[in-house]
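Below: one structure, written as structure tokens.
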Amino acid sequence: MSAPLLSVEGITVDLPTPRGPLRAVDGVDLTLAPGSTLGIVGESGCGKTMLSRAILQLLPKRAKLGGRIMFAGRDLVTLQPEELRRLRGPELAVVFQDPMTSLNPVLTIGTQIVETLQAHLGMDTVTAMRRGVELLAAVGIPAPEQRLRQYPHQLSGGMRQRVAIAIALSCEPKLLIADEPTTALDVTVQAQILDLLAREQQRRHMAMILITHDLGVVAGRTDEVAVMYAGRVVERAPTPKLFTRMRMPYTEALLAAIPKLDSPPHTPLPAIAGRPPDQTRPLKGCSFEPRCRYADDHCRSAKPPLADPERAGGLFACWHPL
Amino acid sequence: MAKFLGRRLLYLLPVLLAVTLLTFLVASLLPGDLATTILGDQATPEKVAALRAEMGLDLPIWQRYGIWLWGVLHGDLGRSFRTGETVWAAVTARLPVSLELMVIGVVLSLVIAIPLAILCAVKSGTALDRFFTGLAFGKLSLPNYMVAILLIYLFAVELNWLPATGWVPFAEDPLANLRSFILPAVTLAFAEWPVLMRVLRSDMIATLQEDYIAMAKAKGLRPARILLVHALKPSSLTLVTVAGINIGRLIGGALIVETIFALPGIGRLLVGAIYARDFIILQGVVLFVAAGFVVVNFIVDMLYAVLDPRIRHGRA
Amino acid sequence: MTAPLLSVRNLVVEYPVGGKTLSAVADVSLEVGKGETLGLVGESGCGKSTLGRAVLQLRRPTAGKVVFDGTELTGLAAEKMRLMRRRLQLIFQDPIASLNPRRTIGDIVAEPLIIGGVSDKAERDRRVREVLTAVGLDADLVSGRLPHEFSGGQCQRICIARALILEPELVICDEPVSALDVSIRAQILNLLEDMKRRYGLTLLFIAHDLAVVKAVSDRIAVMYLGKLCEVGPTEKLFAQPAHPYTALLLDAIPVPDPSVKPTANIPVGEPPSPLAPPSGCRFRTRCPRADAVCAEVVPPLREIADGQFAACHHPLV
Amino acid sequence: MTSIHSRLAKIILPVAIAAGLSAAPALAQKKGGALTVGIELDIAGFDPLKVGVYDTSPNIAASLFLEQLTRLDENGKPKPSLALSWSASEDYKVWTYKLRPDVKFSDGTPFNAQAVAFNFNRQKDPKNNCRCAFYIANVLSVEAKDDLTVVYTLKDPAVNHPALLTRPDQNSTIHSPTAIQAKGDDYNRNPVGTGPFVIKSWTAGDRMVLERNPDYWNKGKPNLDRVILRPLPDAQSRFASLVSGETDVVWADEYEADNITRARKNNALQVLEYVGSGAGVAALNTKVPPLDDVRVRQALVMGLDKKKISQALTNGLARPASNPYGEGSWVKCKDDGALPTDPKKAAELIKEYGKPVQFKMLFTATPRGRATSQVYQQLWKQIGVDMEIEQVDQATFPPRAFQRKFDIIGWRIVDFPDPDVQMFANFYSKSPLNLANYSNPELDKLLEQSRVTPDEGKRTEAYCAISRLLNKEATWMWIFQNTYYAMAKAKVKGIPKLYGGVIDVSDAWVE
Amino acid sequence: MAVLELERDVATEAPVRRPRRVGMLFIGSVAWIVLIGLSAIFADWLPIQSPTDMDLLAKRAPLFSPGHILGTDHLGRDELSRLIYGGRVSLLVGLLAPVIGVIIGGCLGMVAGYFRGRLETFAVGGVDVLLAFPPLVFVLAVTAFMGQSVANITIVIGVLGIPAFTRVARAVTLTLSEREFVTAARALGATHSRILMRELLPNVALPLLAFFLLAVAVTIVVEGALSFLGLGVPPPTASWGSMIGEGRENLDIAPWLAFLPAGFMFLTVLAFNVIGDTLRALTDPRPGAL
């Protein structure tokens, strides 16, 4: 295996709240090889977005970050702002969840593409415009010349997300972080966008982190999947392996809770009881313990480490794996 | 666009009508009238009645308003009974002074407010932010007339850098004209900046939390570009509104500043007209001021459209 | 089939947008039988929420009729409509936004009773406690708190409690679970099913997620750009979609199984603007089967199979 | 800011002033240069029909480009201006003036007797409803005997008529008849006179620029090339403008005591002070209780410690008055019958009256009115009197006075070369200005007598008797004598006495 | 099944309310307001000199003069006493005038924002008329017509504040009316008045309160500006604004006469806003505020 492009070591993120500090990310380790795809799955509040913001160094001002984020040989945590700025775009890019809010409503599509090209590649306006048209065409936007002059609100949701992807891709980044890129979109559009991402990722040999709450999204489109719960990665395995043999009860319950198309109507769903723990009050044991049907006293008193005791290539954090 | 303009115009007329009518009504509440003022110590009831009849003051208020309106519609704003000046001449002589004061003052206040607001928004919650927001409060409790006097003592009397009262017409000497506007404009700007800064600061703080700012950072743009291009424009809608209202208000003259710095502006004309019960001038000034206010409102609406394309494309 | 509890006939809802007229619902007819759950599916902007609100007369329809239990709601006097409302309830997509942030839960849940004229405080407290317990909340712990102290799932329970306290007959669920996490979503869906049985409800269940709709509905109606594409019994519709749009929707759902490679049959393009819908069949711009007829003739909703209706010139069955 | 008093100056007969043409010593008068004068108020205009009366600010302007038949000399006596000589009939009812030949208005119109008559008739014409007519009520007609002779025919005798014509006011200044007729409504702001200067430009509210009249009849005059008048309403900034050098002369009054003190200490500045006749006064409405009781009125007068008031409001600059004449007047009384300042006695009188003494006093709504009113209130409170302050705006003030809608009202006896006009107007029982609502046949007789007596000694006796009577009845209160101030740069020379508060710079020069 | 599990969920994880920290600034502000408020209320019983008694020979006595701890004003009145009595008037006008604005403007704005349509056009037009109308004409007319008194000045300033409050209330109501809890109330059959009072008012109240506190400051200053024009509170009543106005003329000789009331005003205004900000943060339903 080649040297990892990204290696995240023991990341913790603490957010101040009136109820005390909230540990949003709790000791996460990840590695990502160049050109490969990692899916991060989890419910809202599990820390997946904070993790991605930590990697992007876009955490809220008052958040406290611990650990190391090695990206292409540099530690992003200790990088100077100017170095970091140069890194963003040509090396590291992001696509956010809602293109309506991630594109500036008062600037034209053209401005928003061109400024990135100019900032990093030093293109003159004409060249940058031409390149912008190419990029828009590449992400499947019809009549790209006209779009350059339009504002985000004049485009449909899917088109906006395509624009956002075009901007992210504009400087040929080595790593693209797609943070719930399709959550705000309709199902029919979601499939198109996911395909677009997959296609571009392969064509550019770009590494990608795909963050989502939907196991269905990562199933066919990632090399590896990390499942997060309460700020921690609770299971991590190559995608096919994860879906064929889940070890963590949470992962399994999550999959089971999705309504199935092939079950008849009015079938009661196997719901996970309760709700995620309050992360301002960390539990001593396994954080899934209160909702876990297999939990026992051991789970309550000791936190299971993320490990691969079976040496089968899949990591999980559970005392009672399935 | 033409439709938009037309709609605005249709809105303008009733507002102007209402304002001028209100002025008529309110002015009629004032004790004393031009007739008693002109006649003064020989104001016998008969003489007053005769003079009132001569000036048309004895007509019912509706009729007087009608006559005035008819004149205005025919381009005749009337003529002061007291000075013989036409309203047009009186207002056009004063308006440029008030406008220049207002423009310089507002520009100056924006020049102070915008960088401070950006600074405070970026550093929100820090000691720096608290210092400037506190300063803005401090200004609130320091009235204009005190600021004016302090400025005069400092810059005109002690340092002798700037004139205290020496307004010079622009046509006569543009440079001296500007110099004479510095102190009054600074006084005005001093009054306006805290409000503008507060408004922009809080909007800016909200904007800086938007996804598209995170996106702009993720794109690796320079901080200056992020602040000035990506954040400032969408944050400035309330600023524009408040500045618009303030400008609208200042078209009516900044009376205290005009008085202290002896600027021949609309504010003093207005007060003079009220004190002399010179209602023709009063009506004329109010008409201009109200029209100015509506026009500024209109410009603010246009600015909205410039600032926010969503409004421009009719999907507000 | 018994007389429908709710019947929507040729409903049209239009509103002005920037000088143009947007027809959010264009001539839709539906029936919901007593005790039935009708799922209404469609992508965002297809008019499904507008339809739900028009049924409740929260947005007055431009044309058409809404008949509820023999009473025509369109054109009903405001006061009469107000009284009718206790029999019709609504649950929203965003549970947090649909609770007043400055009122306590006890207050919010009791509100329908106060509006409904239950003046006895003790009686109100009793019923609030009863309904909160029914949706799985501890009334003692919950009543005095403000909405922001609760998670989305809990807020949705509160919303359901509020909707059910007057024991309505018809509940319109407008995307009740789309803002919730997967684990919570299942809880709420189960709760809704539970409540439906317990209170003998009739549901109009609006959602964009076919799988979710399938889990709760007896029949399903698919909407596209303000028009109905297909209506039919759940199982039949899923087994054998008649309208190409229904088929595309089914195909587009990501399957949590890496062995199932994402299909190549991805629908092309995106829904056109409802401000300028295509002529003829509104789906034709994205339909693989579209031809010249589709551009000219609006396909009527016709029965394809027993109980299954589709509006298509070239149905799949 | 306008004070009650300066405002009143506008309402009542404006104060007389004359430019001391011969006042300047025979020293070298420097020619050329410009002078900027800071006046208090904006000028509404100069057409008597429009503005009714001139107050101090237009008086100052008028002294530069308009002239009268006569003007006052150093000693307060009339001397020739547009008239060269004059004579009176024996009963002092007909006055004949010989006019100066070869004088032209600055628009080229010749100045002659017809012009004088035209000015008069226009004001007198009842159709014109001019407020100015009030002040020439005593003049029955003005006729042009020939080109250079005018005859004034009076209703009542006036022994000092030429002195009455000395002021640069609405009645005495002679305007160009052709300009008046040609310009109509616009004349008010485009006046034409015979004076040493002509108006070059005039921006309302800002400045009036006057330049020397090249065709002025008095060759070699004026000294200055240019005079700029600027209305500077705010006292503090007016003083600041003098210190910082934007103005050369500014109008002032005793309420600017701090500034006057400072100017006196400053070697680069000079303070011009003139104690005129007349006084700042207050009229007590004798028809309303409790002021209908003489004890109450006397108590009010005795309770008001003017020295203290002067100290409080003007740093002691203002001179307490004990009669309506003042130090500047030729009327000097051995005994004016002034009531002593005696708060104890005053309190006793109030007690004697028995009922609670409550009334309102009317002030203008200005900072100065505010300060003054509070001091009066405080002093009267100490003798057991409850005075309520009523502040009204400046336009409401005069109508309230003329309609007698007040208990006590602040007023002013204006500085005038002869006391007659003011005395008759304010104290004669049938005068519309008899604000005290007081009628006493003895007083009326004394007033009538004083106006027909040519002998100054006898007139003085009559006036002193009047003063004693008024003081005894306490229908009016005399507060401060009229004192006028101007502050100027030390190098400004040639400004004559500030008669009536008018700063006449028509003959000034800058060293 | 699900029901049982959920009971446990809520029981064990019920959100905990924790007292939030309040800073020294807040405590200081409350202390200042209490001090000013109490001294204003109990001024008549305090061992201070009369605010109107003049020592005409000791005017403009400097700070810490014997008998006058804060000196005397330009008419020899005790400055401390005038500050206390002036505070009474300033607080009265400063608090009551915005109340007029809040009540009328708030109602107008809420009704306009909720009902929209012609009513809104009317309200907005009315506000524009009021804004375009020169305020001075209004102030002069009212004081000349009704007389100059603390009550009338309060009314005048209050009425002039209506447009601002209307705008704030309307803007807030507009966004709130789109929120689903309002639709929910309508769906429940709540009457318009009930929606306005129970659903909208509690949410409009806070932004209005925040604006109110700002208006208190502005009002106190405006009252002073009116004094500059001779239209403020009638003498001999003191108010901070009129004291600043009177002190203005003595700025170079006795600057403290203007700066003392200005300082009092500043502290009061600041304290009001600190309290307002803290209260808003404490009652903000959003977690993470403060």
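So that you can tell them apart, the chains are marked A, B, C, D and E in the order they are listed, and the count of residues begins at 1 in each.
Definition applied: a residue touches a chain if its C-beta (ideal position, glycine included) is under 8 Å from a C-beta of that chain, and two chains touch if they have at least 3 such contacts.
Since the model is a prediction, treat every value here as computed from it, not as a measurement.
Asker: Count how many hops through touching chains it takes, at the least, to reach chain D starting from chain B.
Answerer: Step count on the best path from chain B to chain D: 1.
Asker: Any idea whether C-E or D-E has more C-beta pairs in contact?
Answerer: Higher C-beta contact count between the two pairs: C-E.
Asker: Please identify the chain with the largest separation between its CA centroid and the CA centroid of chain A.
Answerer: Chain centre farthest from chain A's centre: D.
Asker: Report the inter-centroid distance (CA atoms only) between chain A and chain B in whole Å.
Answerer: Each chain reduced to its C-alpha mean, chain A and chain B end up 52 Å apart.
Asker: Based only on mean CA positions, could you tell me how far chain C sits from chain D in angstrom?
Answerer: It comes to 88 Å between the two C-alpha centres.
Asker: Using CA atom averages as chain centres, what separation in Å is found between chain A and chain E?
Answerer: Taking the average C-alpha coordinate of chain A and of chain E, the gap between them is 48 Å.
Asker: Express in whole angstrom the distance between the two chain centres, defined as the mean CA positions of chain B and chain E.
Answerer: Distance between chain centres, rounded to whole Å: 24 Å.
Asker: Tell me, which residues of chain A touch at least two other chains?
Answerer: 271, 273, 275
Asker: Multi-chain contacts in chain E: which residues touch at least two other chains?
Answerer: Touching at least two other chains: 2, 5-6, 15, 140, 144, 228-229, 245, 248, 251-252, 287.
Asker: Where in chain B do residues touch two or more of the other chains?
Answerer: 30-31, 149, 153, 274, 313, 315
Asker: Where on chain A does chain C make contact in their complex?
Answerer: 43-44, 156-159, 186-192, 194-195, 213-217, 219-221, 239-240, 243, 253-255, 257-261, 263-273, 275, 291
Asker: If we count contacts the way the header does, which residues on chain E are in touch with chain D in the complex?
Answerer: 52-54, 56-57, 59, 74-76, 140, 143-144, 147-148, 227-231, 234-236, 245-246, 248-253
Asker: Can you name the residues of chain E that touch chain C in the complex?
Answerer: Residues 1-3, 5-7, 10-11, 14-15, 17, 179-181, 183-191, 194, 198-199, 202-203, 285-287 of chain E touch chain C in their complex.
Asker: Along chain B, where are the residues that touch chain D in the complex?
Answerer: 30-32, 36-44, 47, 50-51, 54, 79, 81-85, 90, 93-94, 97, 148-149, 152-153, 156-157, 160, 163-167, 169, 259-265, 268-269, 272, 274-277
Asker: For the complex, give me every residue of chain B touching chain A.
Answerer: Listed in rising order, the residues are 125, 210-212, 214-223, 225, 229-230, 233-234, 307-310, 313, 315.
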